[in-house]
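In the two complexes below, subunit A is the common chain; its partner is subunit B in one and subunit C in the other.
On to the complex of A and B.
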């Protein structure tokens, strides 16, 4: 080994680069080959449609109202569902953050719908909320409604499926963020005479807000990629024709790979825009330690 | 803090919401289970008679044995490969700061943050181009995309907990990187690796979109087979579809019970750590 290579190795090692970095190679190769390359390939395909110019696939997507409206449909399902999941989990998690008997059991049961996934939830919703299901039977028997309420194969079926799988997810995240906030901060505020309203809105909520933004993003990603439930409990050709269905149909029904890649990329872009907005707003919030204590 | 005996209206509201949620959850799972055992169930609260025939029928009609074998093979391969590839990378990311480490971390975060459909469709196109999709290998490769980053993200905090002094001591005694890994780190990391293997298995069994886009007729996992049998409703008896759903459900719940022996429920959910600082 010559003196110069040793010198270079030393200088690299000073900056934290040495042979151990080789351990990163397999993972990086996998992610580049299976994620970055397909994405780049997808962008390239979307720019080379069978006919028309460079952006013809995108123009076709935005010119056709049947395709364009899927963006609005997806947002109309995903945003309210994600928002409801986050907003509903705050008071519930706030009340349950202490220790109480059966807490582990409760969190365990809440993990069940996340593990079961959207396909099984869809099957259950079809049975449970369907016209002859237990829910409508209950409504009719108690006289709340005269005729069964239509809750499946439309917007509400998909919405319920997103709440059933998304709410536990949001709740457990919010709960873990809340448990990270030192309760003595609130006790200090109580000592100074703050009521629960002041304690919640001026101490806990500001500390929790960045966590809520992250939770919203993750729940939104889950809700935005709604695909199986939109087909199974939704109305896949009408009110719940979400953008993932449009992309899937282009690829596997019409074999229009340029259109499918364009739809997939538009879907990713819309999602990233929403996340960027939320994370941008989150940047305005206080994001320091929530552990309290001295200093 | 002081607790009053009579709950406040807010508490009633909160517990009421929770109870309604659980009623829905029990109704959703219960109706599938009851229907899968029901003989005739039209206009009543419960079926008129019960039978277990639907399970045999589902087993034969949907050729569940090959489907379950495929599911098992896919899970084991995905979990094995993602641990072998992910843990070393997690080690470097946990221990080192080097130019571009934040960029690399972001690169590993992206596949988890994107909806599977967005990268699944281009990925499936690429895999079809190289003749990999439609087989087991394509399904495994597609499922590795979110699994490797997931292993990296779950393992990084585990590795950060291990005192670097232990490794330095081993090096002082003359151990090479390989020995440090097999003799020092691996035994200490076993709980973490087990946890991430189980989480990857749970996620792979439940991963619908990627498998759906890349699977061929003989490489379907259980959840994809379930989707196909559901979307072809009317051809098969609803009860045998439900029997299949119950089999899937039992499989997932068994995995869940196993998983909960090793991990905290919130860990199943909290996939992304706050800022990597």
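On to the complex of A and C.
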């Protein structure tokens, strides 16, 4: 080996380039084959409509109010559902951050809905919240309402379904973010005279906020791609005609692959915009260590 | 500052899962005192501090500030300042905000808060770092922020939980002096937890030595240093030579296994024939005695040498000397009777 190759090798190693980088190859191949390629393929398909110019499929999507409005409809379901999941997780996770008897059981109960498929959840919702479900029977029998309250086959059905399936994700993430915050910080705040409210809002919440932003992004993406529950417990031709339904109809009802791909790409773009806004706001927060010092 | 004359701990007990972590700690602290809680890890000293701070509820006993019962109050209403072992600085707040936090929580006016925060930061020499986040500071600087944050609220009592254990040796010495200086100049009352006997001796007015959750001895540093109450305290206070034996005719004992008779000073009740432990510091063993020993190990310690030597009858001794010795050298050791303490040997 000559002196120059050794020198080059050292210079590369200083920049973190060495033979261990080969370990990244399988993961890179995997991501390229399963994500980058289909994504690029989808873009390519969306740019080759059967008739019209390069962007005809996109023009068609935005020109047609029936298609265009699915963006708003989906956001109107996904944003509040994601927000509720995050906001509801915080107090529960906060209460559960310490160690106590039965914590594992309680966590399991809270997380079980993850294992239920959307279809099972939808069936349960129909049985429970439907016009002849237990909930409405209870309301009518006790005289709280005269007629059953409509909670399925509309916006609320999909909303509940997204909360049931999305909450466990949000809860688990928030719990792990919370347990990463040094408990001695709150104790220190207490010795300095802070009551629980001040401890939570001045110490815990600011340290937790970046994690909440990340959690919101993940649950939002899950909710935004809602498809089965929008059909099963929603109103798929009206108030819950979400963007994935528009893409599905384009592809398998009208056989307009360019239109379907365009809808899918638009869906991705909207998600990216929301995530970019949330992460942009997150960047304004303190995102460093959540430990109280050395030790 | 909440003015008080004395703080009284009355039979303070804390159990974990039915086992006493701290049992029946009774102690009266006068205003202005520096008390050190000393003991090996697991002795209950941190438990005692957390009970005092209100971070752990008591299993039994009570805590009083003059005539006010404190142990039923939550930590935020006790008015104590605490310095945590890992400092527990708020990582998202600047030094300034960390220090002013307590003042804001106590409803101090804005102008007053600003003035006292600036004063406290000046007190610990961190003026140039006031706007930095804790993560941008060194360990020693973080330590000083923690102290400033605890004392700025002018607490009636400052609790310190091994505050120097994360610092390197040189910084530890500097901060030790700093803590004592602050204690005196601010007129604080301090309870300081440590496992380092040197730290406890040099800082405190009174020492509380704990072992297995029980108080072993309470006294001035000098009392604890020269007259340890039992063999465990002696062991912890640097009596490295603990020689087993049996008491015989008053103040003398027969060393085991050799049966050699030496004179000592009994501590506590020692009856003839009782098993005893004779304790003596390495620096108290004379080297002009009448018993021969062979040098096994020599450690250089700067001005002195720490030597491990073995007598002909198999007794292993730690000693100190200013003369250079080599392995295999013969020395003649002797035990001054007033420095050789005889403790009753316990079953443990």
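The criterion applied here is as follows: the second predicted complex is superposed on the first by the 265 of 295 C-alpha atoms of A that agree within 3 Å, B and C clash if a C-alpha of one lies under 4 Å from a C-alpha of the other, contacts with A are read in each partner's own complex, and residues count from 1 in each chain.
The criterion applied here is as follows: a contact is a pair of C-beta atoms (placed from the backbone, for glycine too) under 8 Å apart; a residue touches a chain by one contact, two chains touch by 3 or more.
Not measured: the values here are computed from a predicted model.
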item: Subunit A as common anchor, with subunit B and subunit C clashing or fitting; value: fit
item: Angular separation of subunit B and subunit C about subunit A, which is computed from CA centres of the superposed model and rounded to the nearest 10 °; value: 90
item: Which of subunit B and subunit C A:286 touches, first, second, both or neither; value: second
item: Which superposed partner A:169 touches (first subunit B, second subunit C, both, neither); value: first
item: Dominant toucher of subunit A (residue count), subunit B or subunit C; value: B
item: Contacts of A:150 with subunit B and subunit C, given as first, second, both or neither; value: neither
item: Partner chain in contact with A:202 - subunit B first, subunit C second, else both or neither; value: second
item: Partner chain(s) touched by A:257 [first = subunit B, second = subunit C, both, neither]; value: first
item: Contacts of A:11 with subunit B and subunit C, given as first, second, both or neither; value: neither
item: First (subunit B), second (subunit C), both or neither touched by A:188; value: second
item: Per-pair minimum CA distance [subunit C against subunit B, superposed on A] in Å; value: 5
item: Touching both subunit C and subunit B, counted on subunit A across the two superposed complexes; value: 187
item: Contacting residues of subunit B [partner subunit A, same complex]; value: 1, 10-11, 13-14, 17-18, 21-22, 24-25, 27-32, 35, 42-43, 45, 84-86, 88-89, 91-93, 96-99, 101, 104, 107-108, 110-111, 113-126, 141-142, 144-145, 148-149, 152, 177, 202, 206, 208-209, 212-213, 223, 226-227, 230-231, 241-242, 245, 248-249, 252-253, 255-256, 260, 265-266, 268-272, 274-275
item: Contact set on subunit A toward subunit C in their complex; value: 182, 184-185, 187-195, 198, 202-203, 206-207, 286, 288-295
item: Complex contacts: residues of subunit C adjacent to subunit A; value: 53-55, 74-82, 84-92, 101-102, 105-106, 133-135, 139, 142, 146, 149-150, 153, 159, 166
item: Touching residues (chain side subunit A, partner subunit B) in the complex; value: 15-17, 19-21, 23-24, 26-28, 30-31, 34-39, 41-42, 45, 88, 91-92, 95, 104, 107-125, 127-128, 132-135, 137, 160, 164, 167-169, 172-173, 175-176, 187, 211, 214, 217-218, 221, 224-225, 227-228, 231-232, 244, 247-248, 251, 257, 260-261, 263-265, 267-268, 271, 275, 287
